[in-house]
Amino acid sequence: MSELNTFLFNILLFSLFFNVGISLYGIFARPSLIKKIIALTIFSDTANVLAIAVGYRGWPSPSQPPIPPVITTTEPSIDDLTWFARQAVDPLPQALVLTAIVIGLAVTLFLVFLTLQVYRLYGTTDVRRVARLRG
Amino acid sequence: MYYLSVGVLVPSLIGLAFVLPLLGMIIKNIKFFHAYASAASLYALVVAAYNFSIVVKEGVKAYPFGGWWPPIGISYELDEVNSLIALLTASVMFLITLYSAWYIRDLKDAPYYYTLLLGLEVGMLGCIYTGDAFNLFVMLEVMSISAYALVGFYRNKPEAVEAAIKYGLFGAVATTLYFIGLVFIYASFGTLNMADLTNKVTLFWGYDLVSGYYYGQVYAATAIALALSLWAFTFKSAVFPNHFWLPDAHPEAPTPVSAALSGLVVNVGVYATFRFLYTIFNPFSAVSGLRDLILLVTLVLGLASGLIGALMMAVQDDIKRLLAYSTISHIGLVLVGLSIGSSLLSKPGSQAFVDGLTGAFYHLINHSLGKSLLFLTAGVIIYAAGGTRRLDELGGVARRNPLLGAALIIGVLQLLGIPPFGGFFSKYLLYASYLEAGAPYISVIINVISAISLLGYVRLLYAALFTTPKREFVRASALPTIILLILSVACLITGILSPIMSEWLRRFVEATTSRDGILNYWLQGYLIFWGR
Amino acid sequence: MEEITLIALTVFSTLVFPGLLTLWIASMLSEWWVRKLFARTQRRMGPSYVGPLGILQPFADFLKLLLAKTEPNYRHGSVKLARIFGCVGIGAITASLLLLPISPLRIAFNFDVILLIYFLGVWVAISELLMSTSLTNPFTIKGVSRFSSMLVVAEPAFFTATIVPVYLVSLTTKGEPVFSVSTTAEFAWSLWTNPLTAIPMILATIAALVSIQSKLMFPPFNIPEAEQELIAGVVTEFSGPLLALFNFLHDADLYVLSLIVAVVFLGGPYPFSDNLVLGALATTAKYLVILTIITILKSSFGRFRVEQGVSTIVKYGLIPALVALALSIIIGGLA
Amino acid sequence: MSTLNLDPWTATLFLSGVLALSTLVMYLVYITLSRKTPQTSSEYSEPYIGGEPASVIKSVDVSVRNLFWGVVRGAGRRLYTFLRDQMHNGILNDWGVYMLSYIGLLTLIALIYFMR
């Protein structure tokens, strides 16, 4: 059980970093602006998932699976709280991700609008041809 | 004791900025928006000056938002260095906002323009004031989105849109990389508060309080986090090889915005680099070995961007593009000054260390004043030359308006670093620190950079001052001229008051980067709240 | 009382010695020396009418241009700007003289060599550039273009060459203030007596001479840029008093640059440091040697194209200076 | 002989004062001694074009493109070809190579530090 848990977790981490690599390739190497923006959203989503994953403190340990960050008892004792702090998923990364998603939404929208405008003005979204500013 | 003014400035300014589009639906008189934006940025200037004065009087000040103590809540923390940069930002932004009233005098979109301009100011002030690494990310994004939008403000101009998308796309990558860096920091240290981080990185104490376990590899996480955030910061400050967007983006923005971008926005990246490498991952921390390597990289990159900026200046045909390349060159020099802290070059607290950092900040200030002066002058020159930005078509307009010509010459002398202008004294400090540190080669390269940049400035002076007129001269109104006058006097003052200014800066740098200063940053920003 | 003495001394140093008056006389005499020698190498007589051996000829030329001819009234340029920048250049040279140990009022502080570079190198170069750009003419602009192209390499070469003795002195002696022109002048002789430091000193002196040659636009660096040789480069449009002003600026630059080599590199009054008269004579002798070398260099070369000129300065100016600097760093590591 | 021991900043300002003073004196000397054509004179001297009349050239200005010919197209031709046409060619993907290699360098440093 423990090995499987660790294995799955490692797969998750590995695929996240693999995803970072793919999306960076997409942003830096694909010629089309639209594809660049798609890669950018993949990139920021990967970053967000990474942040969420970080919130699962001590997940690979099988004896203490993480619990939702909600205190169920109405009047918790100190022991309850200590246990809760050890077990619960860290809510802060989720808050960070929420902020990052909102910001990412704004940036993506803006970039899509600009791409549309580029397409209107240049007739293409290929960055090799959108290169009037040089030197 | 914490002051409300430390915390209130940024949120209230955001409010003032976001009300503007709504007001734009009701009020149709453009003059109102000019007055409103100027009043808002005057308010920012007054509060920033007040904050600076209390920091100088009483030392480091922090403000916890919503009464949540750090490291749980977001806090703003002001020490001497960042309150000074904030004051510089607020004052130059005030002049730029005033200038905008002339520049966009009959633009219909004025409310949106001012929203973005105030958003830019909020973002910069937030980045500078913040004592929280995640809040730095948010504020960086606020600043960047305003900047992208301002670059693409003329949305029907192909070049502007192209510059904006180039800037925006890679800018988004840079901030996301910084976010990933933050994830690593949070995973290994369990905190994002800068004061708390400083303590944990320096003493390596208490980092397993919140986190630990799987992500406990603090050294690896620190290294990756530092690498990723440094990439983002050097992108924001346009250091080689992350400088490509700048010469496209800065010229295509409306001219006051170019002044803000070139004079102030790049400073934010430099400031963030300083905060990360001298406060959080400070010379006394457990990761000082990594820090030395990274500072060597910044030294090489600083010199490279200084050289490339200067070389590219010599072949520009566009007045604003020339100035944009000069920005790259000068930010490179500032970064060279910041790199003195590597333990291979100098020991913390030694003469060379303090000289280099003082020189870096002095140069930052001089460059901000000189570059915004030159960009605003370029705006008037372009207007007087009939809207062309091409050097060949300027037709010596500056000569026919002596004040304009004087402003141009003063700006160039400031940036070339000629005594008695401020630019000389900061370059003197940079030269002296590297000679003192036993690396005279760096001084020679700084000299080479200055000599090469002479080519670009000669080009600028020749085109704007000495060519013969091609068309009727259009006289600009009094407002921009007065602003140019104020900035020119400021350039002179940074030179004439250099005995006082360098003394102050030296004190600030010593207070911020010494062991006691770092301890104090932690105490004031973290521990003091727990003692209450 | 002290303030009054200080002010009097400042005014004296600025206006009389080593300031404007001495500067004028010395640069005119230097011009005579260069002209006479240059003519002799070409088997001409050189100046010979005014004064014994024509020694007063440059003075006569200067006064004639200043007093007898009229200033041009120029359609495209600004004579006023040209005047101002010419005077500023001379002012910068005067200011830099106070850093040298020959001055009765001496300014010395840590790293003042940087100040010398900025006053003498940058201020003067910019004044010359702006002075000739003020009178727009295609030839002037071409001259400005090639002069600034030269400066890009000449200025760092001169800086590096000057840093070498300064750095070596700060390494090998305990002289105060450090990295200062006057400290260097005091101890420069000791660098020549030590074979280890003599090698970088020789290289640095060569580099300094080459960069001075190009900073002064002497052959081989007064470079034609077109198929047909350009007329006079930066001085094309100067006539009358403005030409006199420019000549004075140029000669003063020649005088001070050579003096710096004589004082900072060759140790000035050494070996008569304690005797004022003999010391002055020794300095003068060294100065004349430097001036003679510059004149011989000037007379024995043809002209280069601008890109040849730039690569020549890199080859014989910048690279020897950098090698000398590297050697001094190695010596510093040994010491 | 007296040496003035000042701090660098004051000394620089002092020397700048000397510069201003001597410039002023020189300017006054020049103004009083030199002979100037009266400002009201409508006669301009034409630019000197190698003895030709001024009408042989279209304009007295040289295009800024032709400045620094020797550096840009002479001594530094290879450098400028590289900088302008290969590096700053305006194509986003080509910049990406430089930017990515920089982040690669930083990651490499981080890894080396981690492995040590």
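Note that the chains are named A, B, C and D in the order they appear, and that numbering of residues resets to 1 at the start of each chain.
Methods note: a residue touches a chain if its C-beta (ideal position, glycine included) is under 8 Å from a C-beta of that chain, and two chains touch if they have at least 3 such contacts.
Just so we're clear, the structure is a prediction, and the values are computed from it rather than from any experiment.
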Message: How many angstrom lie between the centres of subunit A and subunit C, each centre taken as the mean Cα position?
response: 63
Field: Centre distance in Å when subunit A and subunit B are each reduced to the mean of their C-alpha atoms
entry: 29
Task: Between subunit B and subunit D, tell me the centre distance in angstrom, where each centre is the average of that chain's C-alpha atoms.
output: 24
Length of the line joining the C-alpha centres of subunit C and subunit D, rounded to whole Å: 20
- line: In subunit B, the residues touching two or more other chains are 166, 169-170, 247-248, 312, 315, 419, 424, 428, 432, 455, 458, 462, 467-468
Statement: Among subunit D residues, those touching two or more other chains are 7-8, 12, 15-16, 19, 60-61, 67-68, 71, 76, 84, 88, 90, 92, 99
Statement: Residue numbers in subunit A touching two or more further chains are 24, 27, 36, 130-133, 135
Query: Should the pattern of chain-chain touching be classed as line, ring, star, complete or other?
result: other
Message: Under the stated touch criterion, can you name all the chain pairs that qualify?
response: A-B, A-D, B-C, B-D, C-D
- prompt: Which bits of subunit D are touching subunit A when the two form their complex?
  reply: 84-85, 88-93, 96-97, 99-100
Statement: In the complex, the residues of subunit D that touch subunit B are 7-10, 12-13, 15-16, 19, 59-61, 63-65, 67-68, 71-72, 76, 79-80, 83-84, 88, 90, 92, 95, 98-99, 101-103, 105-107, 109-114, 116
Message: Under the stated contact criterion, what part of subunit B meets subunit C in this complex?
response: 399, 413, 416-419, 424, 427-428, 431-432, 435-436, 438, 440-441, 443-444, 447-448, 450-452, 454-455, 458, 461-462, 465-468
- prompt: In their shared complex, at which residues does subunit A touch subunit D?
  reply: 24, 27-31, 36, 127-128, 130-135
Task: Please give the residue numbers of subunit C that touch subunit D in the complex, ascending.
output: 6, 9-11, 13-15, 19-20, 66-76, 83-84, 86-88, 90-92, 94-96, 98-99, 104-112, 115, 119, 123, 136-139, 141-142, 144-146, 148-149, 152, 177, 182, 223, 225, 231, 236-237, 239-241, 244-245, 305-307, 309-311, 314
